[in-house]
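You will see subunit A twice below: alongside subunit B first, and alongside subunit C after that.
Entry: the complex of A and B
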């Protein structure tokens, strides 16, 4: 289930449930046009979990909201193409045409389970509403379906939950309800926007297992947005790493952890503590901060923070290109990276040459 | 509660739409609210006075002589057993007129409050969700709010003609912008919550999001504001009638009774004092009630609502202070008396 999809990258008849090509999302703000997502391309196959990783403000959530078209249409400008199920161009649909897709074929889970349910209605009411928005079930049938969905999510005492209000549930229970709501019409694509960030670690593991089970049972393609590399390792098949609105690395999850190509990905991995981390040393950090979107640097957007940056890096924006590493076990084209020096870096590291380059 | 069962389907007959709609513990929650209401002294006082005035309005006219009976022989009688509030310059019973006036005033006030709440809620919610409508509707309400309420009401009355129903229309026009503003600002806050985005992501239509999902979330501020509109419209109606632009005579309203009594205030104080007292206490009661409701409907206020709890805490604190004082004197025998007290 890992990486046979990349070969189909450009096939028209691919099994990809979602194909995003060169997506550009910009907002009209008081400071001018801000491009939050700048030329992002990726694809999600059925039954696959694609991780989208990056720091806060790198455009992960905007990418998800662009796919669902949830952003305020008055101030947002979309460009590029978002193809759903091989045929439907989501960005070209009108609002009325888009609505039947949302909730029935595209499901979404939000970060904060505390505020993603309406406080004034019971769980049952809200689930029944969600189900009846897209089906012609009677209230009784919808109530049965709602109960069934809650049972699938493994929430304790599902009959009782239906009659309760959101404030009577714990965070983990609410997230299960939100997942039940997103899955109730058996969507082809599930977008999970940091679904475990607000939960404690044990609940996180249960929710991750639930999402994993659901993709197996329903063959749902999943976009899993997170900043937690541990979660990525746990659940994702493929990963794209985003930095300042661009994809900087696109590969399968094993390659990401074994042979990260982009210096930013390396930095992220190095700054994640693991059991082997030496406690006596400070955890490495990536120096500097993410530039704001109103002042996007020329050339490589990571150059200013990159220990391997050379003059050439700031001259032109690097292309997202296949990583060619001799001896690498991934097929060419499976591992994309946006860095002109990606192949040299392991040698630089092993010879300790990096010090010299940092001075540039 | 039904026990969770091992097989998923055996539990299904238990669940019916009826059982979903029936809110568990509704009764206990309602009685909890009533208990908190009773514990809130100001709200309880306001509510009680309002109930009394309402009872006077409902039953008063049945027990008193007709408020329209003119009796020349009984002109300007001071309060007596026969006429507890005295009689006016036409010999009409002031108590009967105050009771009848309570009907008019409360009816005008309540009807205006309801109309304003409905209209203001619609305008406010619509404005919160539609940028173009927001611009237009809010500029109109800015315009309406720029006029002093009483001046605008007089102008509208002059245009529509002097009728009780027109008083309600005029007051509704005057007070709707205030309610719309409150509802709009609350709805703007609710709109930014994740559940609204989640509803959109579920494919819910705009109409459903606004009217079914956001509206119930702005009910609390709406109720509080409607209460204040109730009070304001009673007082504005009284002012209009006092100026002769409100409820037309001979129908009594508290306002036009004040107008009748104005010239005779030195000879027949009862003609102005009784309607005045009724206006004042009713407005005070409604404002107390509104303040209380605002406290009771505000979830962050909950910790300090219960008077009993507050008293208990005060007692506990006093007891703690006493024991502390005891201990300090006991444990430090060298302390002089003046220091320990």
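Entry: the complex of A and C
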């Protein structure tokens, strides 16, 4: 395992462990073809945590499952390119070629630790299965490795956990098991799909620290999917914001919080409570709801809910383009935005009375 | 595990008490006098009185009950007035053929139903799925006696491959016994197979949508391993429930099939005893079937705990 990793480090021309270009994932449904992910591009470097942010139904989980090719391929159609480790085109692999990547070089943590472990097998059984699927270790060696992984996750009494069944563990403990399972073959890319959503705040912080530690120790590239901007601020290096199957903003985490360019990102940030929030006022909300994928509007997909929308917004779909903001400390090209008025908005906000995105 | 077993065994006691009371009550719930009913309208006053005396019907009810339970516990269920043999002996003679028939039917049903259900679930919505479901619908709809008659006609009469009717005990040659039991077992087991196939399909489809199946795939587990290790083991619980519950109806169905194929089992014994109004034997059969039901459910419960750790640890002893 480790030798091949090292070789790939040397060979890889690009430092990116994952490059996704123009990914399009569509499902055949009774209402016709639904494109849940529509032209998504991003890249994850080794040791980097990329946040993928958006509301429910924006396509972030489908993006993750497309990279792992977990969707039912009888009804799913992939298009575009998912390049792993600079060389392997994951979407072109057959199922038999794809399978060895899952769980060994691509690890995944799911949202709900309550249901992502099989209730009828012990923790040890499930961890050993993950290890033995990809290595030639004996049962005993795999059990030792499983124990070692559990120790790394900081679960209390790891020896006991190996013999226990999922229902005997707490939610946080189960999520540690799922993380141990995802990390047991030391993957190059870890995909965490809302790993802390189902957990309480204290456990959430511990799990975040664990994921951060693992990224440092194993140099793992991480796709961190969440709808929680607080979590993004805490752990991510770069962020892409998704809306209705498209990336609408792509930047580093500091720029995202300091100088959000897209009106949707601004709305998300404004509707997040913080310690400075004045509790006597209601939090601003983004009016309207996400349209369904069967009724994708023409032009900008956010226009109907956008306080800055003009006629031109609904005419053509805006491109994801470099954001040019005079005085910005971000180099052009590192901050991408899908909005034709992104540069005008700060001026609009400072001249108009500041209620513009809170009323109606 | 031991604690769980103890609790399950203790839970049997009240159920068996109810069974005893109801079975005993059978004799006394009849309108009129049990002895008179057994002897029919032509019997004389003296004959009825003599039978009442020999059945102990003149004792107080509570004394009768305890003496009946006492003898039942020692294996004495009374003597059949008509056959002149102890009821226990009659029951055991009839039990062999019925158990052999029911077991063979059950095994056939599982061997056909479970793989068919898995296939249908794996190929949901395809021709294979529809074929299995259509077959299951037929299996549920066609009554066993009708199917039995058709099988008898096709394989026994037209093709002459198998005997038309009758019974050979396995002690007299296993091959012969199977030849005689084949058609009745198929007739009896077809509905079982259909029910099991349907339940297997539903249960498998249910597990396919579970998150742990996605986890297994994300771990890189082969689809085949995933299907048998992760899905089937979880789907086994509802499938076993179905098997346990329908094993009871299988015993009832055996009565009909035994009559069609002329097999000297419990079914025939019931039919004959009812015709003779042989209440003592009927009482024995009812007791036997009720106890069998209770025991089958007991074993299904134990199987649950073997298959599902959540059941095993439910008592709080982690």
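For this structure, a couple of remarks:
Everything below uses one rule, namely that the second predicted complex is superposed on the first by the 340 of 360 C-alpha atoms of A that agree within 3 Å, B and C clash if a C-alpha of one lies under 4 Å from a C-alpha of the other, contacts with A are read in each partner's own complex, and residues count from 1 in each chain.
FYI, a residue touches a chain if its C-beta (ideal position, glycine included) is under 8 Å from a C-beta of that chain, and two chains touch if they have at least 3 such contacts.
In this text, all values refer to a predicted model and were calculated from it rather than measured experimentally.
On the superposed subunit A, the positions of subunit B and subunit C overlap enough to count as a clash.
Once chain A of one complex is fitted onto chain A of the other, the partner contacts of A:151 are limited to subunit B, with no touch recorded for subunit C.
The wider contact with subunit A, measured as residues touched, comes from B rather than the other of subunit B and subunit C.
Of the two partner chains, both subunit B and subunit C are touched by A:110. Of the two partner chains, neither subunit B nor subunit C is touched by A:294. Of the two partner chains, subunit B is the only one that A:128 touches; subunit C does not reach it. Once the two complexes are laid over each other on the shared chain, residue contacts for A:324 go to neither subunit B nor subunit C. Of the two partner chains placed by superposition, A:29 touches none, neither subunit B nor subunit C. Shared interface residues of subunit A (contacting subunit B in one complex, subunit C in the other): 68, 70, 99-104, 107-108, 110, 112, 115-122, 129-130, 133-134, 164, 178, 181-182. Considering their complex, residues 68, 70, 95, 99-104, 107-108, 110, 112, 115-122, 129-130, 133-134, 164-165, 167-168, 178, 181-182 of subunit A touch subunit C.
Those residues of subunit B that touch subunit A in the shared complex are 1-2, 4, 8, 11-12, 14-17, 19-20, 22-24, 131, 193-195, 197-205, 208, 212-213, 216-217. Within the complex formed with subunit A, the residues of subunit C that make contact are 210-212, 214-223, 229-230, 233-234, 307-310, 313, 318. By the touch criterion given at the top, residues 68, 70, 74, 99-104, 106-108, 110-112, 115-122, 124-125, 128-130, 133-134, 139-140, 143-144, 147-148, 151, 156-160, 162-164, 178, 181-182 of subunit A touch subunit B in their complex.
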